[in-house]
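Below are structures written as structure tokens.
Common to both upcoming complexes is chain A, partnered first by chain B, then by chain C.
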Partner chain A sequence: MNAQMFFFIVFALIAIISAVLIMALERIAHRVVAMAFSFFAVAAIYFLLGAEFIGIVQIMVYVGAITILFVFGMMMTEHRNVGFGPDPRKTQQILGFVGVGFLLAFMLYAIVTADLPNSGEPYVGSAEIIGLELYGHYFIAFIGSAFLLTSALIGAVVIARKEAD
Partner chain B sequence: MDVILMVVYAGIVMNLLLGGVTFAILFERKVIGYMQLRPGPNRHGPWGLLQTIADVTKLLMKEDIIPNEADKKIFVLAPVLAFAPAFAVFAVLPFTENLSGADLNIGILYILGVSSITMLGVLMGGWSSNNKYSLLGSIRGIAQMVSYEIPLVLSVLGIIVLVGSLNLRDIVGYQESIGIWFIIPQFLAFIVYFISSIAELNRSPFDLPEAESELVSGYHTEYSGFRFAFFMLAEYTYAIAISALATILFFGGWLGPAFLPGIIWFLLKMAAFMFGWYWLRATLPRARVDHLMNFGWKVLIPLALLNIVITSIIKVWMGG
Partner chain C sequence: MVSITLFLALAAILFCIGLYGVLTRRHLVIVLASIELMLNAVNINLVAFSAIGPFANITGQVFTLFVITVAAAEAAVALAILIALYRNRNSIDVLKHDLLRW
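After this line comes the complex of A and B, so read on.
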């Protein structure tokens, strides 16, 4: 087992365990921290794969922005005594388990039988290549999403102003 | 084998950093002391050299207090969350031509991305203390860090446009090839970087998150002993990282006349940049919250954008 494999297993374990902790922990603050760790472990796996740009974007957007957003949401709302207690309805639990089991089986089947192209050159998504693709091939889609984001920003400002008045 | 080398490198950098932080604090106190016409710390060791070591020893020997009403797990985790990203930044910093960590192609992005996690530590520390001063301090700190991160990143963009690479070594190499440090062609960017780095680090005159006169001591009010030392360590580690980045971006990294080795030039430039912060701290009063936000959003961000536009026009005009 080489070092890369070792670190992959470590990070994968961290990602999965913290993902489980997001659901299992009692207090929302602990869940948010678990979420940050899960995102971080996924970013580390991107780094191991050599996709550094995607890894950094993962850290910037998910750990740096989304988690902070969640923490703010947690601080601004009443949460202290609200717990997500066990659901009394048995049928829902059973249905949930069956659904998740099926999903897992389907995904395992798809992953195992997937026909991955096995060319010698691995594709390395460096920042330069992604930039060229984004501003060349996908320019219209890029501008379209930029328009969407701008309109969302303006909408947020309008709503916030109305509430402030 | 590589893994062992990495661990050894990280260990050495860690130890050097601890020493560096120790003397950065002493340097700060001495500089401010002389500027205010007093000798500064001078009791421990010759010229007060052992003052910080004495302080740290005191902090380590203090009782470890965790407030009863605090969220204990998060309270314990927060200083680590604040320190780890500040230290992780050093993984990609090149100190000289031969002495550097990972030669990452997106070095700048890595630094800017990882350092933003420090916010999480500050926020968690303030929130979990269950103290209104801590909470107010951390909310202020986050608002300030989020808004000043934008001009910080935008001011760096001008250099990236000029060099055409996100690699830190390429940036220093480009400065070597054009024979001029970026502080001259990118002076506006340097001013924006300098001011927003102060705000990003919560240093005076923008130290509103720890404003003693209003908030006792901000987000780490409830912290004492070695957890408090950890927060201080995180702050100064991040400060050293930011000034090392400034050295690479604006002062040509290890470049300099050949009579001194590159690493000495690097450290000298870093110290000069940090001296600028101390100078401001000794001479300027604390800014007000609304002034701070207005200044960030209405002055620094437009200036940084203007710098990008001008740089791009010049780059195209020069036939880049």
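After this line comes the complex of A and C, so read on.
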């Protein structure tokens, strides 16, 4: 087992275990911390794949911004309430578990049996190539995402503020 | 190099955990966290194909950037809706918000 395989297994286990902890932990704050750990492990997977720029963006946007946003969302709503009491949707939970389990089994079967040729050397893209592509081929999409972010900013402010009668 | 199959399997597992959370959790913040988890799994797929896929090139990473942008915008608007919902109806339990259900 080489070093890459070892680090992949470590980070994959961290990602999966913290993803399960998001569902399993009791307090909402603990769940948000588990979510941050999961995002960190995914960023480490990106570094392992040689996508440094995406890894840095993942740490900045997901761990730095979205987790803090979730902490604020948690603080402004009912975070002291640990649970909502017994769930009346037992059948739905069981059906959900079975359905998602079947989906996972099918996807894993498809992935294992798919004949994917490995391109020997991993492709390493730098931030420069990403920038050139972003301002070249995908310029319109780039401007579109700028408009999307602006409208999301304004929309979030308008929706979340108190109604001024 | 680690085989691409393992990366795809990791992404599939994370996606299914997120899907299960969306379908069964009651706390709306956790439902949103599960959606973010699913988007993350998709990003792992894109970056894996971009790095060690059959036709490895930069496009996967560019699309990952777009997915991250849309995910950030979605999280901001969704949490704003969550706060407005909590102010108006005093609960973020999914089961209590079934006004549109027939």
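Methods note: the second predicted complex is superposed on the first by the 140 of 165 C-alpha atoms of A that agree within 3 Å, B and C clash if a C-alpha of one lies under 4 Å from a C-alpha of the other, contacts with A are read in each partner's own complex, and residues count from 1 in each chain.
The working rule: contacts are C-beta pairs under 8 Å (C-beta built on N, C-alpha and C of every residue); 3 or more make two chains touch, one makes a residue touch a chain.
Model, not experiment: these values are computed from the prediction.
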* Identify whether chain B and chain C fit side by side or clash on chain A in the overlaid structures. => fit
* To do: For A:148, select first, second, both or neither according to whether it touches chain B, chain C, the two together, or no partner.
  => second
* Between chain B (first) and chain C (second), which does A:53 come into contact with in this model arrangement: first, second, both, or neither? -> both
* Structure fact -> Larger residue footprint on chain A, choosing between chain B and chain C, goes to C
* Asked: Which partner does A:64 contact after superposing on A: first (chain B), second (chain C), both, neither?
  -> first
* To do: Examine A:3 and indicate which partner it touches, taking first as chain B and second as chain C; both and neither are also allowed.
  => first
* To do: Quick one: classify A:36 as touching chain B (first), chain C (second), both or neither.
  => first
* To do: Minimum C-alpha distance between chain B and chain C after superposition, to be given in whole Å.
  => 15
* chain A residues touched by both chain B and chain C? -> 53, 57, 65, 72, 74
* Structure fact -> As the complex stands, chain A meets chain C at residues 4-5, 8, 12, 15-16, 19-20, 22-23, 28, 31-32, 35, 38-39, 42, 45-46, 48-51, 53-54, 57-58, 61-62, 65-66, 69-70, 72-74, 76-78, 84, 87-89, 92-93, 96-97, 99-101, 103-104, 107-108, 111-112, 114, 116-119, 122-125, 129-130, 133-134, 138, 141, 145, 148-149, 151-153, 155-157, 159-160, 162
* Asked: Contact residues on chain A for chain B in the complex?
  -> 3, 27, 29-30, 33, 36, 52-53, 56-57, 59-60, 63-65, 67-68, 71-72, 74-75, 126-127
* Which bits of chain B are touching chain A when the two form their complex? -> 2-3, 71, 73-74, 77, 81, 104-106, 109-110, 112-114, 116-117, 119-120, 123-124, 127-128, 135, 139, 142, 146, 166
* Asked: Which residues of chain C touch chain A in their complex?
  -> 1-10, 12-21, 23-30, 32-34, 36-37, 40, 43-44, 47-48, 50-59, 61-62, 64-66, 68-77, 79-84, 86-87, 91-93, 95
